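A, B, C, D and E label the chains in the order they appear, each numbered from 1.
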């Protein structure tokens, strides 16, 4: 793994003391067909400092993606406040990068154009944008596939295109929704490396949704465990392992195992609640 | 984990001695834009017996999904033969169930109707189909969400709907393309249980694509490692661990660790080749 | 339109004339004048346009898009009822050139008195075929509500309607009349293509095809109008001195459609309707006013205010020659 | 960097039964929006009519353009006194019947043929040029051919309405059937869908928004078809009324006729929109959020 | 249960440069398919013409229905001798020019307005009833209004063609702009797309198949519009030629005119299909595989 520099970068953007992301009692309800409201997340309060890496874990369907959509400004909160860099979120805040859980690359643009998209939107000249896009395509291991269209790629390759598309804009608030789920173990580690390299240099705040606890612990400064839906923050575990970390080494250390166990127990409770609720509702 | 019965079920369908799936030198080429051919898989030879559980691992983009699409009859092989239950594949063979890597549930049907779909296609009466669908919805932990539409579900919930949709038809050849990637660890184990329960009773042949080696080893009779694209079968590792298996116990046994290491090394080579190739092609 | 500036005896003014169906036999003098070269001889450059479907030709003229219209005289009266001054400068026909054709299959219609309960075809609602039919019926004691008016168009649709019983009888012009008779589908019941027939049917002449222009145009471009009148009057005289075959020979070949003989026949049947001098026939305007004043909603209301002398002028045809 | 770890209440009900205040706020915002829309519409109409009336009384010639007050008088006249072709209601009924018949038959044929050809490559390759060519045949010419073929009765107008509706619906259904997501079709095939079940459960629902989009245009076309047919040959109907007005330089009559046609079209439109809402109720509530920001 | 573990060759080239025999087989199969299609088409035409000719010579009356041999004679006549309205080529040129202009302007306006309204909820809510109502106004009535407004020149026919094209394209662009996948729009917003960039890179490409589908119908409509305009008042054009034939019981002339219009439409269709292929080259090669089985 790449050497990772100090996680508190002195050049980090954002006013010191002002959290990059701040959720205060954020609740999101969706209208359902019969007119009643379905609460997806409830009273979520969470601050993420500039330059901090937070991993979010929680039972499936609890509300992790919904939380990210509030931070990104794509959905307004029903109750509570959401702030990015100290400003209430209205529309898309500046500097937010969001890699969606679903496939979101443009089917009518090839890999090169898809990756260059954010730069083109920011008004870069085509040649410059493409040069940087090529660099990113190589970093995610897709060199040679520049002129393929998304439907000609495998699921994992599309994910990596989306990754490059998001990272190329060098966001200061980076939201990643299960980015590496469709990758093989090794590629996943390579991508994790890439991500850490970018992040550590930039001082960006990063929120990383994953189901892989090992991944969560090895990447994050803090791991947030969410409750069964409607989700709220159940537990926050600070990962005090020194950086740079070498996953293969640390995963056998007692600290790692203890952290893993703590998160695992916390999460299991929630999953069981989710499960029991599903079963009882039908009974 | 549930108790798992003998993996050679006496009531297994299929003629004894005739493999449920048989690929012989199967090659698949796609036409690319400039008229030349891109080889996705090359010369794949593999037999799967009735009642056997085969896990397939390989670098991302190597051709795993393509292999499944040949077996399912959705794509014809360019060269070589593909047989299911001793019959050459033309159109969709009887008894094949295929859970796609991409989202494939019908957006205009709610969860209940989506799960009941296969039974309705088979001509079951609505009431019967729905009763069985409700049962399956509970098994995958979605009780209470029967009348939700797919866009109202989280990514992991949609995957579980797809799972139920596939399993309800009780296929004799079961193809699963990264079914549990989007699930949290616990839900994933519950689903694995469900899958094994169904499979062990049915004598179905199962091909299971995954990136999670632990999952592969704990579920499969054999693990097939594929080479970097164009994929062919590189290595086949027989998992001789006794069933029923308890993942949490066996993962610390020396056999497990040895198997893991063997597969891991084999796979790492391929991933590195893929990676090097990507890098060199641009250089 | 800067036509006034062109109004000079020596210059060659441009005039655009819209014909309400350039290939209809009743409007034949327009194209014939051009074919005979009389417009050129008179020193006027005429641009003939066709507008196949009736009434909006006048709108186009009033909107200043064309200078003159070859159409039915009765429009000048209808327009006056709407406070628009339009006058006929050359009268091409003294009778409508229309005939009531009865389907051969229906022998129950022996005269207009038998119209009751029948389906009677007209070319379009509010056209002169419509008003003449109403007039004929009423005059023969059949109320307009006792028969049904059917729009049957002209040409093949009319013929087909006769054949398949869509109408029992209908009023139309040549070559539809000639075709219906030729195909044995219909016979002429009331013939308003001749002076006698028209007088018998309507009690007077019914001036129809004419060249009319807005009063303003006529006032501002007397010399141009004179040239047009000269050309048209020559044509009218030419028609009266030549037989149908000679006339047909002057017309564009494809006006004969599929059947040249039939075309000659229809010219022969219809040519008695033309005036020989372009003059408004005596008593004609009164008949027209009588018909429209009875049945047209717009004219009915203003019947007593209509000043017929403003609907035509013989000034130019008098000077022609 | 602060963080509040909430202790969670024991049994938070997942469904909130009574709408919370926030929700009521949402709803009232939506209804406020609806009334704004209605207001702006009415305002537009009033401004338009007023300026028309004013212009007609001053600059433009009402002989061509008529004016709202005259049109209103004509409408009142038609509805109280009747028209020269009988009661206005029966004229409307005739035209509407022709249009509705043409619409229903045309839509049905267009959807069926469109979907079938959309999924049957060979058939569509063979038939495409014929259908595309047929679409270019001028409908007024066809209208008179139909009068010849079918006579002056209702059938010739229905046929004219049909040809207008059919092509509009056909091309959209055809494209809609082609655009179906391949993975959905594959999934249904694997699940054992028969040809017919595939059509019913996958192709048709997926093409629904295509078909509905064409239906919005199609009813207007059906009315046009009926009226063109009436122009060519008929004994009753709104087309004749308009034609009659044209023959009499009655601009007010022309515009009044067009107005009635428009109102009929909007009525049908309303019904189609209701149908649309029913058929697409499974969709995410359409992108108002999204449109706001765009 | 057997299994062959292949030893892999050291450096298998990932791209196969020369088409393998299998590939050549594929290709020849595709070309064989193309020629079958052509053959069936020709066969259909021959059968149709022959039965028409036969019927006209025996049962049906060629006075109404004409017959292929007469139509052929009329065409030969037109192309060698010319028509009463000048050379057939100049008539075709006039009509084509009107149609093309109406088509281009109508498509442009339809796409722009459709896309803008499709994404601007409030505007579309306000304007929808007006546009839908306007769509129901009979085009023949409009055509005569256009002559009054724009005169007898080309512009009135272009306007008639325009109104036909516009609505067809508008409704599809509108719906196409609404159907854009929400996640693609969200992604582009996050990536910083301006309103205009969003239109250009997301909405428009996504609505392309909708727009193209409507363009297939629209050129036929443009021709119809031009011809309707010519019916209303003109001095040249195919519409007059057909109208002239109608007035003279020249059934052969009517059908010959329609045939020429059809050929023009197919020519334009061919061009649109080429455009379509270019614009949708990013798509998976359409579901022939799929259609075969369906």
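Quick note on the criterion: contacts are C-beta pairs under 8 Å (C-beta built on N, C-alpha and C of every residue); 3 or more make two chains touch, one makes a residue touch a chain.
The model shown is predicted, which means the values in this text are computed figures rather than measured ones.
Under the contact definition stated at the top, the chains bordering both chain C and chain D are E.
Of all residue numbers that take part in the contact between chain A and chain B, over half occur on both sides, making this a same-residue interface. Ranked by C-beta contact pairs, the top interface belongs to chains D-E. Once the centre of each chain is set as its mean CA position, chain A and chain B turn out to be 27 Å apart. One simple way to say how far apart two chains are is to compare their mean CA positions; for chain B and chain D this gives 47 Å. Averaged C-alpha coordinates put the centre of chain A at 83 Å from the centre of chain C. In chain B, the positions touching at least two other chains are 33, 38, 102-103, 277.
Multi-chain contact residues, meaning those touching two or more other chains, occur in chain D at positions 64, 144, 148, 189, 231, 246, 284, 293. Touching of two or more other chains is recorded for residues 56, 59, 63, 155-156, 160 of chain C. Interface residues of chain A facing chain B in the complex, by the touch rule stated above, are 30, 32-33, 38, 57-62, 64-65, 101-103, 134, 137-138, 141-145, 147, 152-157, 160, 178, 181-188, 190, 211-213, 264, 267-268, 271-272, 274-275, 277-282.
Per the touch definition, chain D reaches chain E in the complex via residues 33, 36-37, 40-41, 44, 64, 119-122, 125-126, 129-130, 132-141, 144-145, 148-149, 167-168, 171-172, 174-175, 178-179, 182, 185, 189, 195, 198, 209-210, 212-214, 216-217, 219-220, 223-224, 227-228, 231, 239, 242, 246, 254, 257-258, 261-266, 269, 284, 286-288, 290-294. Looking at the complex, you find that chain B touches chain D at residues 72, 74, 92, 96-98, 100, 102-110, 117-118, 120-122, 149, 151, 165-166, 169. Residue ranges on chain D touching chain B, taken from their complex, read 183-184, 186-194, 197, 201-202, 205-206, 208, 282-284. Of all residues in chain E, those touching chain C in their complex are 63-64, 70, 81, 83-84, 144, 147-149, 151-152, 231-235, 240, 243-253.
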